[in-house]
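Below you'll find the structure, written out as structure tokens, and then a few comments.
Each chain carries a letter (A, B and C) given by its place in the written order, and its residues are counted from 1.
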Amino acid sequence: MLNQISLLLNDYTFQIVALGTGFLGLLSGVVGTYATLRKESLLGDALSHAALPGIGIGFILIQRKELSVLLLGALVSGLIATVIIQTMSKKTVVKLDSALSLILSSFFGLGLVILTSIQNNPNAQQAGLSNFIFGQASAMLLSDVQLIGVVGLGLLALVALFWKEFKVFTFDPMFAQTLGFSGKIIESLMSTMIVVTIILGLESVGVILISALLIGPAVAARQWTNRLSVVVLLAAIIGFVSGVTGTFISSLGERIPTGPAIVVVVSSFVFISLFFSPKRGIIAGHYANKKRQKVFMNQIQSLEE
Amino acid sequence: MSMIFEITLVAVVVAVACALPGVFLVLRGTTMVSDAITHTVLLGIVLAFFITQDLNSPLLMIGATLVGVATVWAIEALQQTKLLSNDAAIGIIFPLFFSIAIILITRYAGNVHLDVDAVLMGELAFSPFRRLMFLGMDLGPRALWTMLIILFINCLFIFLFYKELKITTFDAGFAAALGFSPVLVHYGLMTIVSLTAVGAYDSVGSILVVGFMVGPPLAAYLMTNKLHVMIALTVLMALVNSVIGVQLAFMLDTTIAGMIAVVTGVTTLTVFVFSPKKGLIKAFLNRRKEQKKMDQRLKTIEQAGR
Amino acid sequence: MENNKAIVIDHLTVAYDAKPVLWNISCGFNKAQLTAIIGPNGAGKSTLIKSMLNFIQPITGSIAFSTMEDEQVPYKKMKNKIAYVPQNTTVDWDFPATVLDVVLMGRYGHLGWLKRPGKKDKNVAKQMLLKVGLPTFASRQISQLSGGQRQRVFLARALAQEADIYIMDEPLSGVDMKTEHIIMKLLKKLVEEGKTVIVVHHDLQTVEEYFDHVVFINQEVIAQGSIQGAFTKDNIDKTYHQDRNLGEGEG
């Protein structure tokens, strides 16, 4: 077993893939913190599903699997979905969650229709179709990791550069506007960052599960600190570790898909944090409550005596 | 019966069965919870299969339905900790359950007659091949019977609890004061959503079910303000979507469920834009009309001011 | 006459989706005075504030500002000279931010894009926390505050903006007596320093005690003027007990 592990750790492909998923986790940890704080985590879920038809159309246009083109297609269809969702929920009586659910499933349906016709197989039960749906990290090439790295560094630079603006806008958008920061600029910057992160993750984690990678690290990190800077940093670390660990588990075991493996690791972080965080955690809260009860009881008793 | 007719029939029954509980999901604004359920019943199906070893066992349906309801409970338990926002709780629970299910399926793919692609989109085209036999008699596609029973349960639920559903949806606090437990009604609704998702998964797959549940009621909601009219229109929309979807899928030789989801999206968006009551164009025209009225009133004020 | 007005609103009409909320409003807010905006629920008080802050585009009319130096300029030139305290229900109190973080946000406007707050800004923020009576709360998480303390933190954030005009949406609603006392004392002090303070107020009992000036609003301006002159039973009745039908039957 140990032998196996050391063999795996020295394996070039594994190193590449782990680096890719790790960096992806880091990135979605950072970007996801803002999405989660702004209560936009489910938008991420809808957008990732909505990216599927774009991938299909990208493939039809160039007839081969060129990652950058596919991701560009995904970006376009993701943005179209965003516009439709925003129009539905803001301009009329339609509630946001209805718009999300509708767009999520009809875009995903369209994606399936397109992918099915690409494979020219009415049952669409061939390998390859599900790669973008569940992600197939093992298919990652060095060039893919480089793409994630370069675009990711760009996103991180944006976060560092607009730290103050993102912070005030996420906390209190109205107030940010009275200070003279254009809400439109910050908002579109943030949405684009979310869409780009989702799309970078499609190949390795897949359409269905990438949203978990956005939400999980942020929620877990939030439990340990009250400072935004620390939340972002912790979320980045948790994301990175989850990516690497998930890939490790999936490579070690037989037939364990990477995306789901990463999600299980992220979720473990979430539940550990929710239960065991020393300040806010469920267990700490339980004991604090009991203690308080005891103190009150003692006070009441001493009053009665 | 011809194959295409049988498939259409199954599609229609599935669509209507899904759309009925959807009416209340749309009105309550809890459609994303149903999205979570439709994903997590898969875990229920897999787990129940390990126990029953029979995909057609009614026990499997019950087990899977229970997991769907457990999802709702888990989401609400997380929300009650107040440690994370409501939508994040949904976004944590369902990917986890779904991931576990996918890992189980992939690992034991050899033993389980379930595969990942089928889980995602189901396959209506196969439904005529799985037949229900009774005493040697061919009674038609098994999926048709399953979904007919679920459709009947859904109709019965809405018929019996129409008043309760209406009042808890409209004003939960008031309903509670009158003695109708909103929690009970909520879990009742979630149980039938869950049951429907379980029944529909092998025809439609876990992701598209939510579109079947949300699309038709949303379109109906945009056309009327009356609940019973909304229900009728929902059924009509579900009917139209599934019939057109099946036809198109056969013409284009593609996935039927996916095509119905696309048609649902298109018809719902069309209603959204053109609905004479609450559509986008109507809203725009209304605004312009009111604006004109106001401009005129403003003019009279200005003149009076002079 | 116009020179002593910090804000002059001229024939302002605002509508949400073509439904008029404010109708033909003309009023002014005196420099270096404490003015209350008073009216029943749905009278458009918050809308008036939001239009002053440029959140809502009016259909017609204009809003002009003047400060100690500038005369009659539009909102865009004024941004860093106006501080706004919203009603305190609007933010996520579980946001990972400390009290000092929030107060420090008041400095962001002066910093502009990209520049980071420095030591000087932190000192200003701490000073303002002292002023609102929460000097020991700097590193507390904001969810650990009571309603009154939250309101004081928002006030400190506005003070940190070092503005000329302070606009506040019901700063006294739902706060304890101690907070109400501290807030009013601070507002009076601001006015003494020559700043203009505009407050949406709901408690008719305390108007005479707290304010210099009053504007009655119920979709239209019902009355305005000094407390002695305008705060009459007649005006209160007119504002609160009248079914108003906007614009129709007038003209």
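Keep in mind that, in the parts below, a residue touches a chain if its C-beta (ideal position, glycine included) is under 8 Å from a C-beta of that chain, and two chains touch if they have at least 3 such contacts.
Protein identities per chain, from UniProt: A = Manganese import system permease protein ScaB; B = Manganese/zinc/iron transport system permease protein; C = Manganese/zinc/iron transport system ATP-binding protein.
Since this is a predicted model, take the numbers as computed values, not measurements.
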Worksheet, complete the sentence: In terms of mean CA position, the chain most removed from subunit A is C
Item to complete: Taking the mean of all protein CA atoms as the centre, name the chain whose own CA mean is closest to it.
Response: A
Worksheet item: Per the centroid of Cα atoms for each chain, what is the distance between subunit A and subunit B, given in Å?
Response: 25
Fill in: Computed distance of Cα centres, subunit C from subunit A, in Å
39
Worksheet item: Hey, how far is the Cα centre of subunit B from the one of subunit C, in Å?
Response: 46
Worksheet item: Mind pulling the subunit B residues that touch 2 or more other chains?
Response: 85
Worksheet, complete the sentence: Residue ranges of subunit A touching at least 2 other chains are 39, 222
Worksheet entry | subunit C: positions in contact with at least two other chains | 92
Worksheet, complete the sentence: Note: in the complex, subunit B contacts subunit C through residues 82, 85, 286-287, 289-291, 293-294, 297-298, 300-305
Response to the item:
In their shared complex, subunit A is touched by residues of subunit B numbered 26, 29-32, 34-35, 39, 78, 81, 83-85, 87-88, 90-92, 95-96, 98-100, 102-103, 106-107, 109, 115-118, 120-121, 123, 125, 207-215, 218, 221-222, 252-255, 257-262, 264-266, 268-269, 272, 278-280, 283
Worksheet entry | For the subunit A and subunit B complex, residues of the former touching the latter | 36, 39, 41-42, 44-45, 49, 84, 87-88, 91-95, 97-98, 100-113, 116-117, 122-125, 129-130, 133-134, 208-209, 211-212, 214-216, 218-219, 222-223, 253-257, 259-261, 263-264, 267, 270, 274, 280, 282, 285
Fill in: Parts of subunit C lying in touch with subunit A, wherever the complex brings them together
53-55, 79-80, 82-84, 86, 90-92, 95-98, 101-102, 105, 108-109, 111-117, 141, 157, 161
Practice prompt. Using the touch rule from the top, collect the residues of subunit A that touch subunit C in their complex.
Written response: 37, 39, 161-165, 167-168, 170-172, 174-181, 222, 225-228, 230-231
